[in-house]
Amino acid sequence: MKKLISDLRVTENVALHDRYVLLKAAPADGTPLPEMLPGQFAELRVDGSPTTFLRRPISINYVDRAANEVWFLIQLVGDGTRQLATLRQGDTLNVVYPLGNGFSLPSGDERLLLVGGGVGTAPLLYLGSMLHEKEYAPHFLLGARSAGDVLQAEAFRRFGTVDITTEDGSAGERGYVTQHSLLQKEHFDRIYTCGPKPMMVAVARYARANGIACEVSLENTMACGVGACLCCVENTRDGHVCVCKEGPVFNIEKLLWQI
Amino acid sequence: MADLRVNIGRLSLKNPVMTASGTFGYGVEFADFIDLSRLGGIIVKGTTLKAREGNPYPRMAETPSGMLNAVGLQNKGVDYFVEHIYPEIKDIDTHIIVNVSGASLDDYAETARRLSPLEKIPAIELNISCPNVKEGGMAFGTSCRSAASVVKAVRAVYGGTLIVKLSPNVTDIAEIARAVEAEGADAVSLINTLLGMAVDAERRRPVLFTVTGGLSGACVKPVALRMVWQVFHAVKIPIVGLGGIMNATDAVEFLLAGARAVEIGTANFIDPQVSVKVIDGIAAYLDRQGCRSVEEIIGGLQV
Amino acid sequence: MADLRVNIGRLSLKNPVMTASGTFGYGVEFADFIDLSRLGGIIVKGTTLKAREGNPYPRMAETPSGMLNAVGLQNKGVDYFVEHIYPEIKDIDTHIIVNVSGASLDDYAETARRLSPLEKIPAIELNISCPNVKEGGMAFGTSCRSAASVVKAVRAVYGGTLIVKLSPNVTDIAEIARAVEAEGADAVSLINTLLGMAVDAERRRPVLFTVTGGLSGACVKPVALRMVWQVFHAVKIPIVGLGGIMNATDAVEFLLAGARAVEIGTANFIDPQVSVKVIDGIAAYLDRQGCRSVEEIIGGLQV
Amino acid sequence: MKKLISDLRVTENVALHDRYVLLKAAPADGTPLPEMLPGQFAELRVDGSPTTFLRRPISINYVDRAANEVWFLIQLVGDGTRQLATLRQGDTLNVVYPLGNGFSLPSGDERLLLVGGGVGTAPLLYLGSMLHEKEYAPHFLLGARSAGDVLQAEAFRRFGTVDITTEDGSAGERGYVTQHSLLQKEHFDRIYTCGPKPMMVAVARYARANGIACEVSLENTMACGVGACLCCVENTRDGHVCVCKEGPVFNIEKLLWQI
């Protein structure tokens, strides 16, 4: 899939609670957005932050074809992401995209579980919309520290069933995603997950124990985003591979996690 | 428009802008963004005799106006390169130069020997300055004697254009440059990365698995320019300048300081099209300055 | 609140934050902005035996996340300091440390000797690493033998706390540190500036009159941290860390890497109050981390 | 005079032609502005410019006591000044000021000529207002490349007589300030000048030739602004002195210019 570098124009900046923003942007020159797969990401250039040197890899949260808009869900962690959060409607956002490989889509009649934690839920919205389009009924299990960290729940509900866990019980069931009663009650054929590594490891362990196909989307500190610098490696059955190029989506059978 | 051609020994480049080893993959990673045939050359990833897995993650840390990396020469080895990668890139219409690293004189020589038959690889860049592996060559690059010994060993078996990439982590880079010139190097390239370190204060840990790593990016440009200037006054062979070049003005600064060509490295991560922008910017500079050829400004600093 | 006191040899500082020579004048220049008595120490301007006019203008160039300077040890000489400056600053309620430079062993020794009677100057910082004057000491600081000889000459005539400021422009800073430790240095401070250069492309001229100058500022922090870490594993005497410290987090990184105290330099130009902010920030960090004393984090990097 | 570091709030950004902006600012906390002398300057912190590391020394253009506003006239030369030019009403501007020494004010009945070139006219507005307050009738001679570079002419007219020269003759007399007919017709007792060095040298030469007291305000690349770093030196009869601390205003008799 051809990669592009292009200037987007920010169409909306939606503050989600105090630690997240949703940036919606469209190509500045009005050209249609390129094809993008759920799970792929973009490298966003950060302008005007003296302490930020590199681009920031941000997964594709959603693609609104009708509006020709791509969404980026950004957690404010450092100077770079905080600077991105200051972008306002009409500002330019330079991106290199689409990067990496997406989730593999199901074939035939499968029951699908999408498990996200914190900002890791971002790529699952686009994936869910795609699955919904293909007439699957994805089940979303969203984990967060507390109610304030549950992101885009309404948007998820448009594409499937949503269950929630929070560590403090302020929303949904109390505990971790892997403790949710849903997993006792229902059987799934395929799991897609993205979030903090401990969560993904627990989900992967559950999947393997129950013989369920499972793909995880990894996050990693990256420089180039195209497999040139070899900085963002994950150790796999094939040795060190670039998360930016061979990932960010991996089948758990490829990984060397102790599960 | 000004004539951009320059020669590095017997190697003639269509323009003085190459991409630096380890920052541009094998070129193909950037084919979607630029026309690779516009480049003066592509210096591909550090290659060793045997395959290397490189260092564990984390390998990268962002720093003020730069970054640290500790990749550790991850590559599949020279034979894999010859059999599987070379066929994929040999038809790119620019010079492909292979960066060669080793743990011993024999490693260097044997790797160079296996690359020499490749018609579309007219030159190698001998990396005697990788700071990220114990046997990564920096040991070779930090003393005149060892630097000379590597060049001598490779020169004996390699007939192509031999560029030696120098370490900035030395007291006197000029004497190292003179030592490799004396052993028959066709050119020197400088600077490789400065050895640096990053600390995570809250976690009280180093950011990099290897603790230290190689510093690159805009932050190192002043040191790189100084070393190019020093080496320019110490040797007669051509100098390939690199270190923090982010735009055409930076590149011109290196040419004025004495570099005959430049390498674009870390900047490729921030703008995958920067290399061609630098080529166009150098041409525009030369026109603006009324120069008919890039040769007119090489070492042209007025002091 | 955590105990911030640290000792550099027999010199006990109320906190580990000092201001670096050449960036804080004689302290009084900053008296309008901060309470000088809060500082762990003030290291005043480089002082030589005879007055020096320094280098011609231009002496400064801005670089990515840093700056180059080529002041060239402008000062009115040690006797003027003793007669006219010392009386003005001796009552500042913190340690005043004089940075000493010289062109010869005798220069260093005689300057140190004339400072030793001054009751309120408990220590000197021996600058064997100024890159900006031919006889500015960097020659002394780039070989073990010459570095040792300067320390030996000064140690013979100076009984106060002797801090030796090391040059980063060397292949192996650890061996230089060991050499000065062996001659009786009470502490080492590092890093002095990296030798760099800036070019004005449009005018085809160096930016600095002296062509090269000393690089400082945030850009050098990764190199400085690495050298502090290397020296921490090479010597037993205390290390004073400096190089690109812009805030308290940076300072903590140096302490974790092995520095017992730090110097704030170039950052004073951007925020004249930064030094006290760093003191407060270190205290806040220690409380946050549940440390009772700054001693708990010195060299506390977990690897 | 006590130096301060303080946050100002930008009250107005006036674009003057395409290469200059006039920033008006007042203390964010509403405290009255400190005493400032004509000829003194401030070090402005530049936020949000990755290529700018140091503050920018900018002379005090005018002090509006009634509005509690200080004015900075900024020429867009590099990334730092261009970034300052993006400041809008309400933005914070951190300054260290007042720095350096001002012009020495006249005593008794003197005829005063203030000669400015380009953006060098900036400190002369504040000086002129001060002289006007003290019931002098300053004569301003403003030189510029062309009409577009003549700055604040109207503001100057409020405080005295204004004559103009432009190199292309697009405003006032064609030529350099020292060629203006005024200098043949009238005699002055004291000259204050600020602008490009060649202009100031010519003015200084004229002053010495005619035995007129003359002060020049020098510009220089600075780091600290308080005499600590010794970067901004001018060679004088007293040797190298810091323009930021001993200057920026110098009596021409102190300088070693060939005049």
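Each chain carries a letter (A, B, C and D) given by its place in the written order, and its residues are counted from 1.
To be clear about the criterion, a residue touches a chain if its C-beta (ideal position, glycine included) is under 8 Å from a C-beta of that chain, and two chains touch if they have at least 3 such contacts.
The structure presented is a predicted model; accordingly, all values stated were derived computationally and were not measured.
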item: Chain D and chain C - chains in contact with each; value: none
item: Geometric centre distance via CA averages, chain C-chain A, whole Å; value: 47
item: Euclidean distance of C-alpha centroids - chain A vs chain D, Å; value: 55
item: Centre-of-Cα separation between chain B and chain A, whole angstrom; value: 36
item: Rounded Å distance, chain B centre to chain C centre (Cα mean); value: 34
item: Shared-contact residues (touching 2 or more other chains) in chain D; value: 50, 52-53
item: Multi-chain contact sites of chain C, meaning residues that touch two or more partners; value: 61, 63-66, 217-218
item: Topology of the chain contact graph, where touching chains are joined (line, ring, star, complete, other); value: ring
item: Which chain pairs touch, all of them; value: A-B, A-D, B-C, C-D
item: Chain B-touching residues of chain A, taken from the complex the two chains share; value: 2-5, 45, 50-55, 96, 220-235, 239-240, 245
item: Chain D contact footprint on chain C (complex, rising order); value: 22-25, 29-30, 32-33, 45, 53-54, 56-67, 69, 71, 74, 217-218, 266, 268-273
item: Touching residues (chain side chain C, partner chain B) in the complex; value: 61, 63-66, 68, 142-143, 169-172, 194-199, 201-206, 211-212, 215, 217-223, 225-226, 229, 244, 249, 252-253, 256-257, 285, 289, 297, 300-303
item: Of chain A, residues touching chain D in the complex; value: 48-50, 52-53
